[in-house]
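Heads up, there are several structures right after this.
In the two assemblies presented below, chain A is common to both, partnered first by chain B and then by chain C.
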Partner chain A sequence: MTQTVRICSAFTRTSFLEMIRRKDFYAIGILMLVMVAGAGTFGFFGVRGLSVFVRDVAFTAIGLFSTIFAVMASARQITEEISRKTLYPLLARPITRWQLIFGKWAAAWVISSAAFLAFSVIGIALLTVFSVPVTAIFLQYLILKIIGLAWLCGLTIALSLYATPAAAITLSLIICFGSSACGRIVLLANADHPMSTFGLNVAYSLLPHYDYFDLGAKATYAWPMIPWWVIGALLAYSALHGAAMLLLGYVRFRSQPI
Partner chain B sequence: MGLALGSGWIAHLTLPVQNRQPDAAELGEQMEQSATASIVGGFRSTVSGYLWMKADEYLHGGAAMRRLTEGEMRRNDARLASTQSPDGSDPVQHHNETSEIPHPNNDKRLGWGEIERSVKPWVDPKNHRHVNLRETIPLYQFMTWIDPTFVSAYVVGAHVIYSSDKSKIGEVIAWLHKGVQASPKSVALQTELGRYLAEAQGFDEAQNCLRSAISIGESAQDLTAAEDDALQDAYRWMILIQRKLNNKISEREYALRALKRFPNDPIALHTINPSYGR
Partner chain C sequence: MLAISVDNLTVEYRRAFSKPLAAVSGLSFSVEAGEIVGFLGVNGAGKTSTIKAVMGFTPPAEGRVSVFGFEAGSIQAKRKVGFLPETAMYSPYLTPLETMNLYADLHGISGPEKKVRIIELLERVGICEKRNALNKQLSKGMLQRLGIAQALLGSPELLVLDEVSSGLDPIGRRDLRKVLNEERERGTTVFFSSHNLGEVELLCDRILIIHKGKLVVENKIEEIRDSVDSLEEYFVSVVEGHFEPTLERAA
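And then the complex of A and B:
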């Protein structure tokens, strides 16, 4: 266990340095800043009172760019080690393949969460400058998103072991942004032609639910905080589903010739 | 948002054509010949259309509504959407609408339903309340700033401003004047402006606007359903103003003109035959 923790922290340190060295984090941060600042400056053009709209843009930008960053960071974790051939010296050390996958997932999750928190700080700073308040639900928004990023990193790392990095990124983004639509389609189909309770619940459980980890809409409209059991349930979903994804990735990685 | 800002700024400063109603023949040609006008025009219509959908979402605090499916209409088992009346009278029914996320009574998902209703904005569709209408006014201002020819935004925005505070009728009239300036050939805008001028007792100016609306409507080849409804309203308002001013001859004249286009209009029929409807 101690060794696993040491491995995870070593990978995380390396990934942080990588994140600072690469330009994509700064590019995404600047894009987010421009987007939210643009929305907030409409007051200068005589369109005042757009606080809900500015919050909407801010939370959309934070969610969107955090997701993109997490997917890109996760897809690179193992595939870059393979392409640069740095995987061989890594596996020559007393590190098992599952520790490698787990460590890479932990690194991806930590840097994605750090990026998300950085974007949130930028967003909140801009909202404060424009005198747009946020309510207490914002805290739950942060917690739930970080839990969601853990699931997302697991999914993307698993996909990166079955497909090329570009395909893994594309599939992950489709799953993330399409998860809400998939749920809607199942519900509409059920509304039109009712399914059995068992069938509906099986169908719904198999679908990805990344959209459930985003409290941005509620934070935008200043809804009250949600029950904490919901966050607990989603934590359990993220842990089980994410672990299943990583296990699938491990099965592939274990049998993969390097 | 930067692109929306840019497109609106370009539209206002460098492309005067963007500030005019794009249904004139020469404007259509200009749109085809000028790539910038075409691209910017397409983009701003998309942004203003997006904001139009957002305004409906804002009214419900983010909760999404949807139309009933055919299966639901057949079975008649959906929880229909209705809005509480501010004065406590019967709720206002939405036509064949329900919430996108099902009500617990209609939701066979076990824990998933509760989770979704917790993490996403959701209201019981039956007898729900709208948020303070005034909060949506900046959105309509934004829509018309991006697209000065967005007629529906002016019409609905005027209604929202007036409903939220009836003392703001001067603001409503100024708002509609801007709309008419950008879309002088819009029957709906001329009618709405005439209507609010009449409410403010400015009957002379109201009549001018309503006469314009009727003249445009009568000479138009093909009106949309919304513009057709607005033309009918224009006739009605004109009839009511003439009745208020005791101009019996004009009242009858406009009633006859209305009946040529709308043979079943009750206000026009009542003017010609006072025993109608009794």
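And then the complex of A and C:
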């Protein structure tokens, strides 16, 4: 246990150093800043009642960019070590392949959460500048998103062990955004065709759901806080589903020649 | 005591819709503890595949590989081995010091001993002055020196080095010889592959030559010196003598 914690902490520290030295983190942050600032400046031209609009842009940008960042950071955790041939000296250490996958997942989760919190701080700072209020549900938005990022990092790392990094990124993003689209299709499905509605419901329940972890819309419209047991249930969903994803990755990686 | 024991090793690479490709077949050899053994062969002979099997990176299709009596790739075996891969590009966003810290943490080296050991090794391989520069600012030779330093981190009883002198200039090769000779005095077993036969001649007690995935020569360096002028001459004659389609090549 102590050894696994030490491995996670070693990978997290180096991943964090890499994150702050890479340009993509700053590029994404600047893009988000421009989007939210752009939406907020409408107020300077005399347009009133923009609170909901600016919050919508801010939460959409924070959610979108932190998801993209998490997927990119997770997809390169192991594949980059393979392409740089540095996976060999890592696996030559007295650690197991499972510990390597778990350590890389922990690193991806921590840096993705750090990036998400940094983007959120930028977003909240801008909302404060534009005098747009944020309600208490924002706290639950932060917590749930961090729980969702754990699941997302697990999914992307598992996919990166089966596919190329580019394919893993594409598939992860399709699953992230496609699962919520599937939910909307189910709602819109014609009730006169029970078989197709049934099929869509089955597909919806089988699909992994990143949209469960997004309280962006509720935060935008300043809903009251959701019950804490829902967060607890989603924490269990993320832990079980994320662990299943990592195990799926391990099944592939444990005896894979490298 | 045997540091490495390879018994009837076959390494195969699976390919979609075709037969597996055998990189090594029926290979058997052993390395005694304390020996320095050079592992030679032309490109594609099966050196790296054998080394990967010794490290446990590639599971054998047949046969058995053990390191100090432990199964290759097991945690017990890994505790005793230091490994240098062929031309690894260490993270360009980390410094040599941070890279060494990562490997030390994974090896379980901690406390004040860690810092002392890392600085000592970086000094030994001659890149201590560059310890805070990013890896992307280092030359290929310096990255190779960093690779040697990380291989020595856990004070290994066995060093497995793949293309050890790759990217090193003459000064780097001299420094490498010094480090390996110091390791020999410490009693470390060294098993390395190299295309630099002069290097091999200066360092090794014994050589193994692999060709088309099979062991063709296992000989002491002194005996080779008695029979031919240079190891290069010996190597070329051995390898060319084992080329089956000689006429085809000439054509």
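In this section, the second predicted complex is superposed on the first by the 238 of 258 C-alpha atoms of A that agree within 3 Å, B and C clash if a C-alpha of one lies under 4 Å from a C-alpha of the other, contacts with A are read in each partner's own complex, and residues count from 1 in each chain.
Just so we're on the same page, contacts are C-beta pairs under 8 Å (C-beta built on N, C-alpha and C of every residue); 3 or more make two chains touch, one makes a residue touch a chain.
Being a predicted model, the structure only gives us computed values, none of them experimental.
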item	value
Partner chain(s) touched by A:Ala39 [first = chain B, second = chain C, both, neither]	first
First, second, both or neither for A:Asp56, with chain B first and chain C second	first
Chain B versus chain C as contact partner of A:Gln3, first or second or both or neither	second
First (chain B), second (chain C), both or neither touched by A:Asn201	first
Of chain A, residues touching chain B in the complex	34-36, 38-39, 41-42, 45-50, 52-53, 56-57, 144, 183-184, 187-188, 190-195, 197, 200-201, 204-205, 209, 211-215, 217-218, 220-221, 223, 226-227, 230, 233-234
Chain B residues touching chain A - in the complex, by the definition given at the top	1-2, 4-5, 54, 58, 61-62, 69-72, 78, 100-102, 108-112, 114-116, 118-121, 134-135, 137-139, 141-142, 145
Chain A partner contacts - residues on chain C that touch it in the complex	13, 52, 55-59, 75, 78-79, 81-91, 93-94, 98, 101-103, 105-108, 110, 134, 147, 150-151, 154
Complex contacts: residues of chain A adjacent to chain C	3, 6-7, 9-11, 13-14, 17-18, 21-22, 84-86, 88-96, 255, 257-258
